[in-house]
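A, B, C and D are the chain letters, set down in written order, and residue numbers restart from 1 in every chain.
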Amino acid sequence: MSAAEGAGGPNAQESAEELVDEARRWWQTDIIDVRPGEISLRGYPIQELIGNAGFVETVWLMLRGELPSRAHAELLEAALVASVDHGPHAPSIAIARMATTCGSPINGAMASAINVLDDVHGGPGQQCMQLYLEIDAELDRTDDLGAATRIVLQRHRETGMRYVPGFGHRFHPLDPRTPRLLSLVDAAAADGTVDGRFAAIGRAVEEAISEGRPRRIPMNVDGVTAVIYCELGLTPELGRGVFILARSVGILAHASEQMTQGGRIKGPMPKSIGYTYTGPGRRPVPPADERGTTS
Amino acid sequence: MSAAEGAGGPNAQESAEELVDEARRWWQTDIIDVRPGEISLRGYPIQELIGNAGFVETVWLMLRGELPSRAHAELLEAALVASVDHGPHAPSIAIARMATTCGSPINGAMASAINVLDDVHGGPGQQCMQLYLEIDAELDRTDDLGAATRIVLQRHRETGMRYVPGFGHRFHPLDPRTPRLLSLVDAAAADGTVDGRFAAIGRAVEEAISEGRPRRIPMNVDGVTAVIYCELGLTPELGRGVFILARSVGILAHASEQMTQGGRIKGPMPKSIGYTYTGPGRRPVPPADERGTTS
Amino acid sequence: MSAAEGAGGPNAQESAEELVDEARRWWQTDIIDVRPGEISLRGYPIQELIGNAGFVETVWLMLRGELPSRAHAELLEAALVASVDHGPHAPSIAIARMATTCGSPINGAMASAINVLDDVHGGPGQQCMQLYLEIDAELDRTDDLGAATRIVLQRHRETGMRYVPGFGHRFHPLDPRTPRLLSLVDAAAADGTVDGRFAAIGRAVEEAISEGRPRRIPMNVDGVTAVIYCELGLTPELGRGVFILARSVGILAHASEQMTQGGRIKGPMPKSIGYTYTGPGRRPVPPADERGTTS
Amino acid sequence: MSAAEGAGGPNAQESAEELVDEARRWWQTDIIDVRPGEISLRGYPIQELIGNAGFVETVWLMLRGELPSRAHAELLEAALVASVDHGPHAPSIAIARMATTCGSPINGAMASAINVLDDVHGGPGQQCMQLYLEIDAELDRTDDLGAATRIVLQRHRETGMRYVPGFGHRFHPLDPRTPRLLSLVDAAAADGTVDGRFAAIGRAVEEAISEGRPRRIPMNVDGVTAVIYCELGLTPELGRGVFILARSVGILAHASEQMTQGGRIKGPMPKSIGYTYTGPGRRPVPPADERGTTS
């Protein structure tokens, strides 16, 4: 076929001008304008941002469209610092470390690791934000925070929720990050930086799910960063996004440390330990015409 | 701390023997047994499989636990061949090609590409299988295939389904893969290789959703491979898995061709076309104490 | 700015027709032609390939441009079957399994896993092919295979090669896949399917590196599949590519098994074992103006 | 086999205690200590870092082991801000946007994108750092910066370097980020924060490669951030790592914007433009016994 026809063009009845216009709009964005010798982010010339806006403020600008106040940026910054790492046994970190011993460059190791921050490993904060926002919406119908909280939790239980995301921890009786972050939110609420509504909601959830139990089910780092992200007006999706940015720091640090330690094709545990095989015993391959009768 | 304590060990009251046992069970599998000088897959010594079982038969063995009959393997093989590629404008293929021009090795290019075969790009076949299986379950309550189909479709519409996965195509009036694959299923049903139940269900769905429309909404490649995978007894999850295996071939072929063509940091379209910036006009960065008032 | 200007267009002095032509050539390919109602791979209508060409033959077609003879396809098929899995302690497999417990869908689990088949974990076969091809090139200058082999190995040692890729195994005294695959190559050489040159080269490498050692350093699965891929005329890059296709089967099978087993955020070993922390002891955070003096 | 034997254990002659010790050392790290109720990063309790150390300072701590001075952190911060985005036509950004329209969650979209920041798209900064460090080493042998620069550039040319990484730009006649960042380095050198050696080296490279050309080949953002990272004592590998952290912000912002814009299976350009197929014309599939003669 000739190039002019364009394989894949179903009914190219548009003019060249129309096609070019369509192509230009294909990658339309509000975020960045790049022209020869000029770059601006959300309208701000890059050379004015450099040295003038901090990295976390730039994160906010890129995600939200405007530069934050310093107080807002500091609260986000605290949540990011709290989330950078939780040890080499976290799957994301272990994956990054194993990847470097397979020859992955730093970008590849980070990609394989970040990729597993999915609904279970990276999603609880996001799910917790959705829960808080639902309780907040329920408060339009009632002034009773405890009641609104119980209604929403009950609804979630009915749709099959087995864990309340953001509460309880398999490892820490009390997560050391929680009280510190909560105290920063309280201080920010006291001085009017945020309104404190979601801190109250988070505490109400902890209260409701701990009621009648021998031991409290305390808010964990996902639950308290969800409070902060909701106070700051992030969407749940962006909540997960900034968690990923934070955890990328730990991922990078561990990948880099493993590169220094060396190792080749490092498995999850020493080979000498072995693993348990539970499948069928050794058996001969049946002839082709005797296969498939049992499947 | 001393190494003996083990950071991360919450309450290591287990004996060393118990810990080793637990570690051995951690990676428990039915699939493969590896010992010095011996490898067996699902019980079959690897050296007996090599040259004796085809690649598609080995796929089946690994996923299902037993070797298939040749007729079953051939039907799976036809579905795989049908799915290897759909052109360089598919996001997965374009991504693989761009990746190689960024310096990604073949594994990296394939990983970035396969990763996007997610719910929308790689999931319709799996979702279509779920639909068929639901209709099949509904047939336990009625003998009327048309009625069962309408009931299930109605249920899906009520839960917000906007597209029926596996039907219709943005590009092909009739997907050339559909009639060919359907005829292979029909032949396999005729000779007793499969029972043909899901071919009937697929056709009933096409019938139901086309009714009263000026033009039929024909079964596409996802819909017909879903028929085949259901006939062969694959779970929907494995249906997506084997689609990914098939599409990996196209991803590899395109990545390899792009490596031959060369190019550096290839974007999605020629830079000369440009893109549309729709954000705020150029503006000065406000002083730190004047930020954040509008957010 | 107006859409017509096109942000990013440095000096758009091309006409709309020229831009469209350039855009059409941007994704130029020899592999697949897709038009409404028509799909052909390397010129073959997809509906003629389905049911008529096997999956491995289609792999060959996509990568090489022509359909292979059945004998060629069978040799490739044997190498693929040999490479599907090597147990859950291989980093790629462990990563796929951990990923599913983090909530990754099957595509995500496969992507994170395939991504680590990089130079060390997935590259030895490719590197071994390069070694064989170099020895083959050296044979243009001498008829003495042993001499050519020693010259090339010496050259590699001088450039820092510490392992000969494709030989020796940390685990198997003798890899059970090697003699079986070698016997298939020998049979294919005997009947003229391949010329057997690379089987001889592979054996010469084993001979040369084992000389004077108490125990032989035997060819492993990478070394013998490298023989096959060289005999079949694949490039080293495609050699790695088809290895990835094969290992994807094991990756998929293990990811799928782990989904069935369940588990949440599975780490590399049981948490009760813990890990060794070797960093600085607990210390207070210094005030801001006392930081950075030692770094 | 019994679980006690442990498949994969080649010669498990170690005692259970030895195996547990080995397992504990397997994931040894200097970075983080996690115990029930306690988390410390490089020895600092997490609750003291939160609200007390900024995010960029925490990045430094995680990567280097100590907290930086504020002046060092600010210089790193400026380099990070400069690197967050370069428009939707960059492959990494386009990939993130396409991925979301395929159903990828935010972690998946970021992973596919970060993965392509490989040697060509993400590596020039790292390569430029290596170049600077080599020139710096050469200065041990001579006091003449221009001479040392020419010697090292000549050496690189001889080993096949075609582009000097960090200099020149396909798009910007002068990169707006360069003079701004250079002025910050100069200020930091003037007040003793850094010694300014690498700023001089970077300028010497620009001088050397521009000599005798009608137009200068100016330092680009990779070249100037390489100056900063070298001044701050980062290794080249970590230089690439922090670039990836910075670009992750743009990747996240674009993925998030695309989620808001919507779209399904967005290709690289509008389908109506099509692409050029350059392979063989339509031809019939040959019978099985006539295949492979020409390949």
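In this section, a contact is a pair of C-beta atoms (placed from the backbone, for glycine too) under 8 Å apart; a residue touches a chain by one contact, two chains touch by 3 or more.
These figures come from a predicted structure and were not determined experimentally.
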- prompt: Of all the other chains, whose mean CA position lies farthest from subunit D?
  reply: B
Statement: By C-beta contact count, A-B versus A-D, the higher one is A-D
- prompt: Between subunit A and subunit B, what's the gap in Å when you average each chain's C-alpha atoms?
  reply: 24
Statement: Between the Cα centroids of subunit B and subunit D the separation in whole angstrom comes to 31
Message: Using mean CA coordinates as chain centres, what's the gap between subunit A and subunit D in Å?
response: 21
- line: Two or more other chains are touched by the subunit C residues 1, 3, 6-8, 10, 19-20, 23-34, 36, 45, 49, 53, 87-89, 94, 105, 108, 111-112, 115-119, 122, 171, 268-269, 271, 273-278
- request: Enumerate the contact residues on subunit D facing subunit A in the complex.
  value: 1, 3, 5-12, 14, 19, 22-23, 26-32, 34, 36-39, 41, 45-47, 49-51, 53-56, 58-59, 62-63, 74, 77-78, 80-82, 84-89, 94, 97, 105-108, 110-112, 114-119, 122, 171-177, 179-181, 184, 237-238, 240-242, 244-246, 248-250, 252-257, 259, 261, 269-277
Query: For the complex, which residues does subunit C have touching subunit D?
result: 7-8, 10, 20, 23-33, 40, 42-45, 48-49, 52-53, 57, 64-72, 87, 89, 108, 111-112, 115, 171, 233, 268-269, 273-286, 288-289, 291-295
Subunit C-touching residues of subunit A, taken from the complex the two chains share: 1, 3-4, 6-8, 10-11, 15-17, 19-21, 23-25, 33-36, 87-92, 94-95, 98-99, 101-105, 108, 111-113, 115-123, 170-171, 264-269, 271, 275
